[in-house]
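The structure is given below, and queries will be raised subsequently.
Each chain carries a letter (A, B, C and D) given by its place in the written order, and its residues are counted from 1.
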Amino acid sequence: MSTTIEPESEKHALGQRMKRKEDPRFLQGRGRYLDDISLPGMLYLALVHSPYPHAKIVKIDKTAALAVDGVVAVLTGEDLAAHGLAWIPTFHGYDKQMVLCVGKALYQYQEVAGVIATSREAAVDGAELVDVEYEPLDPVVDPFQAREDKTILRDDRENKTNHIYHWEVGKRAETDAALAAADVHVKERVTFQRCHPAPLEPCGIVADMNGATGRLTLYLTSQAPHAHRTVVSLVTGIPEDKIHVVSPDIGGGFGNKVPVYAGYVVAAAASVVLGVPVKWVETRTENLTCTGFARDYHMDVEIGATKDGRVTALKVTTVADHGAFDAAADPTKYPAGLFGIVTGSYDFATAFTELDAYFTNKAPGGIAYRCSFRVTEASFAIERGMEMLARKLGLDPAELRLKNFVRKEQFPYPSPLGFVYDSGDYHTTLRKALDLIGYEELRKEQAEKRARGELMGIGISTFTEAVGAGPSKHFDIMGIKMFDSAEIRVHPTGSAILRAGTKSQGQGHETTWAQIAAEELGLDPQNIIVEEGDTDTAPYGLGTYASRSTPTAGAAIAMASRKIRERARKIAAHLLEAAEDDVEWADYKFRVKGVPENAVTMQEVAFAAYTNPAPNTEPGLEATFYYDPPNLTFPYGAYLAVVDVDRETGFVKVRRFLAIDDCGTVINPMVVEGQIHGGLTEGFAIAFMQEIRYDESGNNLNTNFTEYLVPTSLETPHWETASTVTPSPHHPIGAKGVGESPNVGSPAAFVNAVMDALAPLGVTHLDMPLTREKVWRACREAATA
Amino acid sequence: MFPAPFDYHCAGSLDEALALLARYGGDARVLAGGQSLIPAMRFRLARPAVLVDINRLDELAYVRETDGVLAVGALARDAALERMPRLAEAYPMLAQTSAVVADPVVRQSGTVVGSLCHNDPAGDWAVTALAGRAQVVVRGASGTRTVAIDDFLVDSFATAVGDGEIALEVRFPTPPPRTWGSYQKIERKVGDFATASAAARVTLAEDGTIAGSGIAIGAAGPTARRVAEAEQILHGAKPTKEAIRAAADAARKLADPAADTRGSVEFKKDMAGVLVGRALTAALEHLGVEGLR
Amino acid sequence: MKISVTVNGKQYQREVEPRTLLAYFLRESLGLTGTHVGCDTSSCGCCVVVFDGDRAVKSCTAFAVQADGHQITTVEGLAQGGKLHPLQQAFWDCHGLQCGFCTPGMLMSSYALLAHQPSPSEAQIREALAGNLCRCTGYQNIVKAVQQAAGELQQPAPAPEPEPVAS
Amino acid sequence: MNLEYGGRERIDADRDTVWAFVNDPAKIAGCMPDVLESHVVDEHTFDAVVQVAVGPVRGKFKFHVVLVPQPGGEHMDLKISGGGFGSVVDLNAGADVSVQDGATVLDWKGVATMRGPLAAVGGRVIDAQAKRVITTTFANVKTQLGATALDTA
């Protein structure tokens, strides 16, 4: 049943539109971001990049660079090799990647050398003068060409092939048979272009090797500080206690700040060698050309259905372009992430999906850009497929979806590709969306417009995500299980400190985490301070990405709070002079059952915990909880886009966009709306303008913000939002996570809307981004055809 | 990124600026708004040995209407026009241009004259200046000369301003009665250079025929181009759908754009025509002509 | 060369290299790290500061030497007498920020807008902020915040009790 | 990014003179515009440093030029590789020398491939420059040969 949580009392912290506790420092320029950190004697690192996408490094001459005033050192791949740092393992450890080019450059802008100097300017002056002699090789930029293995890009690997791995799940034979038997059948290649998270704050590091203590402190733009410390320890052999990772305020991450990058390693190595702090802050060009990209999936989508519109089978065959190294950020056992969510919100009797990944002369990556691992690609594939099926069947796309949704009584729903969806009420959510936007009227208006030859489209996307990785029996990264953690200490006067293994990058954990604890403990969220990102003080956790924070750390916070509550009950019984079993927690107080006026507050209990502890009980009031989720959570939504297309110029005007999200229990509606606005805007950008494109000779064509297009306040549509609430049955507070749903669900809504607009012209599919020229060309070809 | 080292001179007077430019010749660049120059320097594509900063020359920061021309000084920012009261009524083409150059923050530093001097093939002001029959006043050691905009725009990123010279002001003739103009731009997003752009200005005679026009297109060749053929087609013609279509086709024919990430040659040529058509339609409809759609 | 510049009402005299960009001068010579740098192409607007009270300037696209003799306002100069500026208060009230990186530039561009246009329409606000990029908010709450702040600043009476400034 | 150029020059000199001229690195070097310094490496190769100056973009480009005459004395390839601004330009041009109604005709076309910051940021700037360099070079071949032809007449 769908309900909206209403605060029950002024004390109720959960579900409140509480203003963010982190904001005052950001609003006054008092945030502390990586580049704000400056240490005495600090040197600066600038990197030299290869202009060639594929070339032998013949020789590197440092002489001129070293002669530059202020230049202290120049490091190359050979220099790092001497310290065993020429190569580092990739994210999931299946491949290794060069830190600085060793022998070969494998993609344009790959890091070739590092120049360390006394000022940023001097470092760049030096980098300009590092003389690198290249012997150009033919680049392979197309994964379908790479597949032919005519040129082997990675001769450092045992297997002399560009093929990285094959992955499949589902029933191949059964699915093929069902597709062959289907009355109606659609098949289309749907490409999700290479794009980039491009957070406004670039990645960076200040590495500080303290010779006196032998301790290496790394201030790092890190979404996963603990994981990074462990990786550094494993790679360098430095004991973990001698490494201190501090992730300061982060200016947006979106997955970009999960991997380890060359600049980090070179700066750290330089600090170890030189014994002084070294700072590296990447340029925007470095961010867009070297650090983790996302998507680049080429998906053949095939759906079978009965003539009355019941889907029978789904098959998706994917070619993935991973670039020069297999640095995709996916859990170890899931090389294609959670792509198995590709059956979406629909009840398929059978399904099969397989994927092959290839090396190309492009930047490495394949990170979870504002989405759970590969869930955006999967959602786009199925939602485009359903749209094409509706067109082929001559059915209204909303009707087709209502016909095929998993029904609410089917939850927990085992999907044919191996997930067990926790909860959902897809019919209610889509119907609410159709009512709110006035779907019937819009279809009427569209019919009239079409009669006049005008192009108007309505696009639907009813996606389901799989987030919150994850249960330790399935999910790990380099062996580390993907649980997360919380540690809460209640002070004598009833204020508290809460630390978690996650790391906010703008999501507002300092506020929402406090709200969860406050709700569970009956304390004032304003008096609960939240700390994250310091590996010396935070409990161990794998960090914030893939919408995992609320499902994992959010749960840990609730559980740690309940542990405290159980301890507190003993103290309360002591104060109330009642038997522990007679003491109940109700209305944010401990009360003697049947005698509600006989009660003590958590503040009173906290004070007693330090001043008057119950006999034979441990003094103090704190708890730690490591939460291993029993399952993923499955947030979902129903999105509707309305567009008008100018057939003369190909311009698409997004007239309306309605997003209804169901992320289970809502911790802070204001923060949730903010997350949705932001995710929709990134989805809009990907649908219409954002792409990392390489030309046939391997040049990256989108190397800065004049070419990698981020929409401004003028292009960005006005967003309409609403919600339904279907709590997760297995999460302590029923929350599912929301930060990424809008970026997962919206691209298909936009593209479906434009394709619906172009339907009278017979256009069935165009790949993103839907630039003016693409739409213009489609209109013109239809006109001349 | 950080610029290469350079010597900086802040001119206290126009004569001082000219003297500095005369002294350093080709090694010196004038720094006005700096919105194209400084990013180029940050990428070290531009590495002038000397910058001559004219930002202290407040006497050049004017936009004034005198004897039939709107004179825009070398230090007048785009925003100064954008914010000018009644500009939209008196100089619609300029007002519309001033609202779409680069982005609103860049416009608070960028200058109109600087944009003309940079002469990016996809820049906005050159297009409007051509359609508006503007003139540029250039001063050097040898004196002051006035150059018609058509002669001013020499080649992509090249103008009639020689080493040691400064473009002092651009002059837009005040439109005669029964005249209206429009600037149309297709950009991928705010802050982008034009994928295609067009400016059109038409004057109607008493009898309702077209007495004269100025039509130009941008991002359609090494520099902005006047579509003379379209101007001839319209001269003395009745303002009809057909006339507009013919003018638009002339623009399509003339356009010789370079393919880039903004679009193919084919797309840009067609957009040149579409935008000329839209600019003319907008201008004529404002003048009360009906039945153009 | 030596420059003399007034930032947030305080006068500074510093020796700078001509090529030093204003953004880095503010951040590193004056320690005012609220002004951020997010790109090299004058696109993102994280570095916007205000010259002489009403001109928004991308300080990564200006040299420190150009600030000589000017009055500069940065995000650190908005809050007065322990109270947030109505723009800051409105951004907080309306959830007009998330990661906070673009926020200083957004605030300063809004500040310059209101200096010229005290009661802007939503369309005018969207136009005026189109030189500042944000990856988190989708702009909607930022626009709402600027409208609220404009309203507050129009009030003759002082705005309703703002939150105390956390230091 | 790839840029394509081409052109045709009618030259007042006989075919053999033209063929000899375009095969002489010293002479071709002399035809390149804005050459600051050049030296001939061997009978087919020369290096040149060219002053690039387009709008705000000013700097030096180093070019390595190889002339590859094809047997038959009618077609020759020019391979020009160069660099500057941390970027790379490779230019492959081909020229056909033929006689058409009395005059010697030089047909040429070239493709320039650009990599690095220039391609990314200065593409539109450098396009104009590359076009100018190669067009002027072949135009100079015509004028210089024309001149010599007249002198010897």
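Methods note: a contact is a pair of C-beta atoms (placed from the backbone, for glycine too) under 8 Å apart; a residue touches a chain by one contact, two chains touch by 3 or more.
Remember, predicted model here, so these are calculated numbers, not experimental data.
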| item | value |
| --- | --- |
| Between A-C and A-B, the pair with more C-beta contacts | A-C |
| Centrality ranking, top chain (CA atoms only) | A |
| For subunit A paired with subunit B, centre-to-centre distance based on mean C-alpha positions, whole Å | 44 |
| Rounded Å distance between subunit A and subunit D, as computed from the means of their C-alpha atoms | 51 |
| Cα-centroid distance, subunit A relative to subunit C, in whole angstrom | 30 |
| Residue list for subunit A, restricted to those that touch at least two other chains | 120-121, 128, 283, 285, 701, 704, 706-707, 710, 712, 714 |
| Multi-partner residues of subunit C (each touching 2 or more other chains) | 17, 19, 40-41, 43, 127, 129-132 |
| Subunit D: positions in contact with at least two other chains | 1, 86, 117, 121 |
| Touch relationships between chains, expressed as pairs | A-B, A-C, A-D, B-C, B-D |
| Contact footprint of subunit D on subunit B as seen in their complex | 26, 29, 36-37, 39-41, 43-48, 118-122, 155-158, 222, 258, 260 |
| In the complex with subunit A, residue positions of subunit B that touch it | 1-2, 4, 44, 103, 186, 188-192, 195, 261, 263-264, 267, 270-271, 274 |
| Subunit D residues within the subunit A interface of the complex | 1-2, 83, 86-88, 90, 113-117, 119-121 |
| In the complex, subunit D residues that touch subunit B | 1, 53-59, 85-86, 117-118, 121-125, 127-128 |
| Complex contact set, residues of subunit B against subunit C | 1-8, 10, 31, 34-35, 38-39, 41-43, 51, 53, 55, 79, 83, 99, 102-109, 190-191 |
